[in-house]
Every structure is written in structure tokens, then in C-alpha cells.
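All chains are identified by letter, namely A, B and C, in their written order; residue positions are counted from 1 within each chain.
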Amino acid sequence: MLAIDVRQLRKQFNVQKNREGLKGAMLDLFKREHTQVTAVKDISFQIPQGEICGYIGENGAGKSTTIKMLTGILVPTSGHIEVNGYVPFRDREKFVQGIGVVFGQRSQLWWDIGVIESFRLLRKVYRVSEDDFKRRLDELVETLTLGELLNRPVRKLSLGQRMRCELAAALLHNPSILFLDEPTIGLDVVVKTEIREFLKRLNREHGTTILLTTHDLQDIEALCSRVIMLDDGRIIYDGGLEELKARWGKGREVQFQFNDPIAIERLAFLTGGLDVRWSKENELTAKVWIPLEINVSDVLSRVVGTTDISDIKIFETSTEEIVREIYRTGSAETAADRIADPVRDEEAPTAQAEAVRS
Amino acid sequence: MISAYLEFIRIRFLMMLAYRVNYYSGIIIYAINIGAYYFMWKAIYGEAETLAGFTVIQMTTYVAVSWMARAFYFNNLDREISNDIRDGSVAVQMTRPYSYLMVKMMQGFGEGLFRLLLFMVPGMVIVTLIFPVTLPTDPVRWIIFFVMIWFSFLINSQLNILTGLFAFFVENNEGLMRMKRVTVDLLSGVVVPIAFFPEWARIVLQWLPFQAITYLPGSVFTGRLNGAETWNALLVQVVWFAVLILPILAMWRAARQRLFVQGG
Amino acid sequence: MRMRYTFELFREYLGNYIKTKLTYRADFWVEVVSDLMFSLMNLIFIFIVFQHTPSLGDWSEAEVVFVYGYFMIAQGVFSCFTNLWNFGDRYIIKGEMDRVLTRPAHSLAQVMLENVDPPSLIGSLVGLGIMGAAWAKLGLTFNWYDPIVLIVMVIGSVLIYTGLYTTLAAISFYSDSPTGIIPLMYNIQSYGRYPIQIYNKGIRFLLTWVLPFAFVGVYPASFFLERHADRTMAWLTPVVGLIVGAIGLIVWNRGVKRYRGAGS
């Protein structure tokens, strides 16, 4: 069964135009001008139950707008949307009973009183029975190690502690879908890892579907089997993380540290016939870029035997670089063409990317 | 440096223009205020010709001009400052190469200027058409009046800054701000001219800064103060302006001390 | 079912309010005191006015004070439940409305409950005391049904306030700039507590049918004042309350719809 089913979803906003300068402001006082902005442009995707899906894109790409439509906050301009079997905006109050939402930058807890008080209130809001609440709370306290935090006021918690409490607050009513908007923003590495572990466990043990937006691609690498990439309101990639890497990770880089100064021409001569690119870092260090088609070992074998090497480092293209590269290559259309079309030809089951053109 | 401050005035002026719901509703609400007070005073006068030395016409003029002056001097600097303090942005402001309090003053002035030009001037025209008010004919009186409401603005803003800075020292100065607002409206003479207060209260009020905000400029405008008394009233304003600088500086210094110790 | 759910939520929110306030005990008292100061200032105005005139449009001092006592009761109950002063700033600009909309309860109920302010009820008690004192001074007869009528009238008045201020708060859904209308409205609401007869037709119409503040003061209170009893207008209070309350709810719901991008 599908947890989220979105087809041809579109959202337009009227944005006020502020005319410049004093004269413009005076004119605005009497007649406002509006421009229409399409934040989400006819996107379609399906997320089956139990999947962890990463939703990425630059600021203003339409991530938040989509999340807000999926959680029933915003009503779409057009298109079909179904989450958990509900149309979110239509039966909002019934629908939200089955979802959990965490906005990383905003708290849903009462600032001045103990965390547990907020939890009790949420129990009432979501009409959770006392028994269920107890069982659920015990479990969350254990998995998120909230023990001694429960009675502290929220304002006295560190950001990491607060985020753990926010997660617990969003899960008290045992939702089957969890929406996370920037859940690890501003957290240190240790806490980030803890939260990722927790989410994985939640997904494994309860089968909770998780959709998260993030700027931290390590979140994606650690958690997501699937990534949806958004640019300018359109989906430019939808598929597995591995495919993304395979298709866009164009090569690897190997760095050599030599014991004696060596000329770059000599290195190029050694690897003659192979389509690699050498660059010199300093007297004793050089880097070679190797495209995917060529085996790293081929290059190594040619260099290692004939020179005196003290150290070798291999760099794989990180997801972050890939993503940066995708955005850098310009318009969404070309990027979509390049990624999505081959995927469709192969009819890869997890990748349902569509190059949407308007 | 000066041009930076002027920029703050300009920006706030433009900001005010952007809030057009406020603008339209503001005009209507000020008109209703003046109207309601006009009729209330008419009922209070009943058959009487003068009360506490005010003729009916003087009273009407006083009500109109004091509300209009209020449009100019009124601002929410207290709330802005205490918000800045509570969300910590005041610490950021202190790292900038200007005086935070001066910037606030300038922003308040931009706001006042907006209301003066787009509120007070058209409002005054409408009021003179509807209600029996008499405007002074002597140009000197007009000039003095404008100088005086400039000081009204300064003194009122100083009181607002003082109230706002309290946020450094108490967890929540909401109540204090509300109290200040009511006090200024009542004791400055917008609601009732100070001449109507009982003898003992008048004596007390003479020693407080509030009268300098509305009552003194209003009295000059309505012609109740003349000649030397006018200059006297202006002098009272100047003195209060100077005196109020001291507690502000003291509080600001203490506040910064506190900020350094507690780290915002 | 739904009522019970909301009521239970109210208890829960109230509990959290009390726990919050217990952590800032000093603030609690500052708020109570500033509330009472506010009322005191308004009473002072009445006393000052009656030093200069024996009656305000045929109403005696005790009668005007009586109306003010009634007004305080309604005002206190209203402020306890409908505390929407910073709605636009907190929920729209800072975005807390998103959180509210991800919860399974009506958005207005949530926003109202999140801002309950029980200290305002102390104002109601003081108002009841003032009303009682004026009652005795005027030597009004006391009928067995008077307390019931009072409760019905107060509910009607509170509904009017709630409806009006909900409507005003809902403007924030339409305008993305901060609106300062609510504090301005605060000035106008006070005119409903003076004898409506003193105003001219326009303002009377305004206070009765457009911004029906007269139903939060002079009309319902007149029921108990034998000399000025206007039964028709008094009994219209609960009716107008229901209408204005319904309008408020409708406007709010439409505003939410627009916020979510469904309305025009």
C-alpha cells in the first residue's frame, strides 16, 4: 500500500510586489501589484509504506511547500494528493491524527515547563489512552534516553536534547508517517548520529514511513533508500541513492605522495594511453583523476612499480559533490534529461523519476 | 554617520507605507476617537460655557490637536526594545558601529514623520471641516507648536526606551509596558486636560514629565498659554528632555554590564 | 463529544498555564496589578469628569460607574479566553500556525487555549464589586432573576468581543504585514461604556451595529438600571453576541482557508 501518493501536484502563491523607493511605496499604498509564483510545478511521486525517503533541494526549491501540502497545512492549487488514505487538506483534523510532524527550527513544546507536561497535553490533544501513552512514553524514553530530561523546562535543554524531545512529542500518538523538516539542523555530529540511529530503529521496528527534508546529505546517506531531488519546483531526480552515485559520480581521485620530486610529464607518460588527468599539488604531491570506466588498479600498477611512493589516498566523489554538480549543470530540464531518461529505459523499479516539462 | 541615521528614518518611513491596512484603519480609528471625545465633552459641558477655564471651542480644538499630536509622538519603541532584548538580537545590534538607542529613536521618528504627513495633515483638514475648531492665526504659534511636538516625541520616546530597557532586568515587562501606556494617555492630558484634575493632582503632575507630552503643546496651540508662558512651557519640555537622558544612560550602562556578564 | 474534548483540552492547557506562571510568580502579580491599574485609570477619568458636571447626558456618576463595573466583568472574562494581541506576529510571521494546523483540534480553539490568561478574571471580580457598590448606592431593587440575567448578558458581551477580535486577528491571514489595528481598537471599545445617548447618530450607529461595543457596557447594564432601562436593547445583547461570534468564527475559518491557499 502507498503511504504517500502525489500526482501532478501544483502550488501557486500570490506574492506582493513592493515597488521601489518612496514613490513606489506611495503607489503601493493605494494599489498593490501581485505576481504569481509557482512553488511546486506538477510533481508526482509515490512512497510505499515503510520507506525512508529523503527530500532534498536548495532553499526555495519547493521542499517546505510540498511538506506543508502533505501535512495538510496548505491546500494544493491542483493535482491529486493522498497520504495515509486521506486527502490531507480535506479531513485535516482526522488526518493529522495519523501523522507526526517535526519542524527542526520550531518547537512544539512549552518553553517554560517540564517536557513531560507538554507530553501530557499532547496526549489529550491526540486522544491517546492512558495505557497506550504510558507504554509509548516508556519506549521513547528508553530509545531516546530522555530519562532525566522529562522534568526539565524546555528552555534549559540543549538543542540536541530538545530535538530528542521534539521527536518523542511527534511520536506519542504512534503515527504511521513521520514528516521531518530539517531534523538535524544545528546539531553536533554525535547527536546527529544518535537521531539517525533512532529513526532507523523506528522505521525497522514500527514500520514507520519517514519523509525528511535536509541540507545535510549525510542524513540521506545514513538513512534513505530513496531520494527525491527538487529544483525550482520540479523533481529532477527520484530514485535510489546508489543509482544517483553511479550515474553522477563520474570518477575518483587518487593522491600520491612521492619521496623524491617528480615531474608531471613523467607521470603522464607512465599512464600513457589511459584517459586520466594529472595535476600537481606541490613538489612531492600529485593527484590523478580517473573516470569510472578505468580501474583504479590499472593506474596504480603503472605508477607504483616505477616510482618511490610514501603514501596513497583515494577519494570517492561524495554525494555532496554529486548534488552540487547536478545543481551547477544549470537548468532542471537538462539535468532531468540526463538522469531520468536512462533510468526510465532500464525500468528500474525503485526509480520513478519523471522529467516534467511545462 | 549622520547619513546612516537618516537612512533608518527613511527605511522606517517606507516600512510604514508598506502596512497599508494599518494606514487606512488608523485614519478611521483616529477620526472615531476624536468624534467620540468631542461628543463626550459636549455632554460633559451640557449647558456650561466654560469648565476649568476651557471654552467649548477651546476644548474641541484641544481634543483634536492632542489626538493629532499623539499620532506624531506615539510609537512602540518600548515593545520593540524589549523584543530585541528577549530574543537576544540586541547583542547583535551592539556589535554594529552605531548607537542602538539612537537608531531606535530614528526609527521612532520615521514612524512619527509618516503619521505626521499622511495622518495628521489630512486628519486635521477633515477635523476642521467637521468640528468647530479654531486654528491659531499667528504663524509664530504654529512654529512653536511644531517645535513643541518635536519635544513631545523626544520625551515620549525616552519614556518608551526606559520602559523597554526594563526587559534587561525583569523576566517579563509586559505589565509594565501596559501600565506606562495607560499612564501616559491619562496623565499627559490626551484623555482629560490636566486643568480638569483636582488641585492636589495638578500640583503633583507639574513635577512629572507627562504634561510635557500633550498638555503643554495642546495648551499653546489652543491659545491658553500666551507670551512668556509659551516660552516657559517650551523650557519645561527642554528640561525634561535633558533630565531623562540621565536615567537612560545609567540603565543602558547597567544593561550592558549585565549583558557582558550573562552573555545575552 | 466535541465540546467535551475541547473542554478537557482547556483544563489541560490551563494546567500548563498555571505551571508556567508558578515559575514566574512575580510576573503574575505584576500582570494582576497592571490590569487593575488600567481599570483604575479609567475610573479616575470618570471621577474627574463628574467633578465638573453633575450628570453626563442625564446619567449620574453612580450609574456611569455601574456600567463600568459591568464592562469590567465582561472584559475580564473575555481577556482570559481571547488573548489574540500578538496573533499575527507569533502565529503568522513566526510561523507557529503551521504547528497548530498539524494538530487534531480546531485551530481557533488551539490558539485561544494556548493563550489563556486567568489573571484577567481578577478584573472581573473587581468589576463585580464595583457594580455591587454602585447597585447599593443607587438603591436598586434586587430581583431573584438578576444574577441569571447578568450571566446571560455577560456571555453575550463576551461573545461580541470574542467575535470582533477574532475577526481582527483573522486579518493577519490576509495581510502579510504586521497589523496594529487591535491596539487601536482598544481605544474605541471604551466608548461603549458611556451613555450611548451622548453621541451623535453616526457614532451611536457605529457603536450599536458596526462595532457593537455598546453591547459590552451600556445596553446590557441598562437592564438593571431602572431609570434608564432599555429592555429591547438589553435583550439584544445575547442575540448580537451570537451573531458577532458566528461572524468571527466564519471569518476565522475563511482566513485559515486562505492561509492554506484554498480561498481566493
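The criterion applied here is as follows: a residue touches a chain if its C-beta (ideal position, glycine included) is under 8 Å from a C-beta of that chain, and two chains touch if they have at least 3 such contacts.
Values in this document were obtained by computation on a predicted structure and should not be read as measured data.
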Requested in this report: Treating touching as the only link between chains, describe the layout with one word: line, ring, star, complete or other.
Outcome: complete
Report task. Looking only at C-beta pairs in contact, point me to the busier pair out of A-C and B-C. Result -> B-C
Query raised in the report: So what's the Cα centroid distance for chain A and chain B, whole Å?
Result: 52
Report summary line: Between the Cα centroids of chain A and chain C the separation in whole angstrom comes to 47
Query raised in the report: Once you find the CA centre of chain B and the CA centre of chain C, what distance in Å lies between them?
Result: 27
Query raised in the report: Can you list the residues of chain C that touch 2 or more other chains?
Result: 24
Report summary line: Within chain B, the set of residues that touch 2 or more other chains is 18, 20
Report task. Using the touch rule from the top, collect the residues of chain C that touch chain A in their complex. Result -> 5, 8-9, 12-13, 15-16, 19-20, 23-24, 95-99, 101-106, 176, 257, 260-262
Query - Touching residues on chain A, where the partner in the complex is chain B - result: 18, 22, 25-26, 28-29, 32
Report summary line: So, in the complex, the side of chain C touching chain B is made of residues 24, 26-27, 30-31, 33-35, 37-38, 41, 44-45, 48-49, 51-53, 55-57, 171, 175, 177-181, 184-185, 187-188, 191, 194-195, 198-200, 202-203, 206
Query raised in the report: Tell me, which parts of chain A touch chain C in their complex?
Result: 11, 13, 16, 68, 71-77, 89, 92-94, 96-97, 99, 101, 103, 106, 108, 110, 112-114, 117-118, 120-121, 124-127, 153
Report summary line: In their shared complex, chain A is touched by residues of chain B numbered 10, 13-14, 17-18, 20, 23
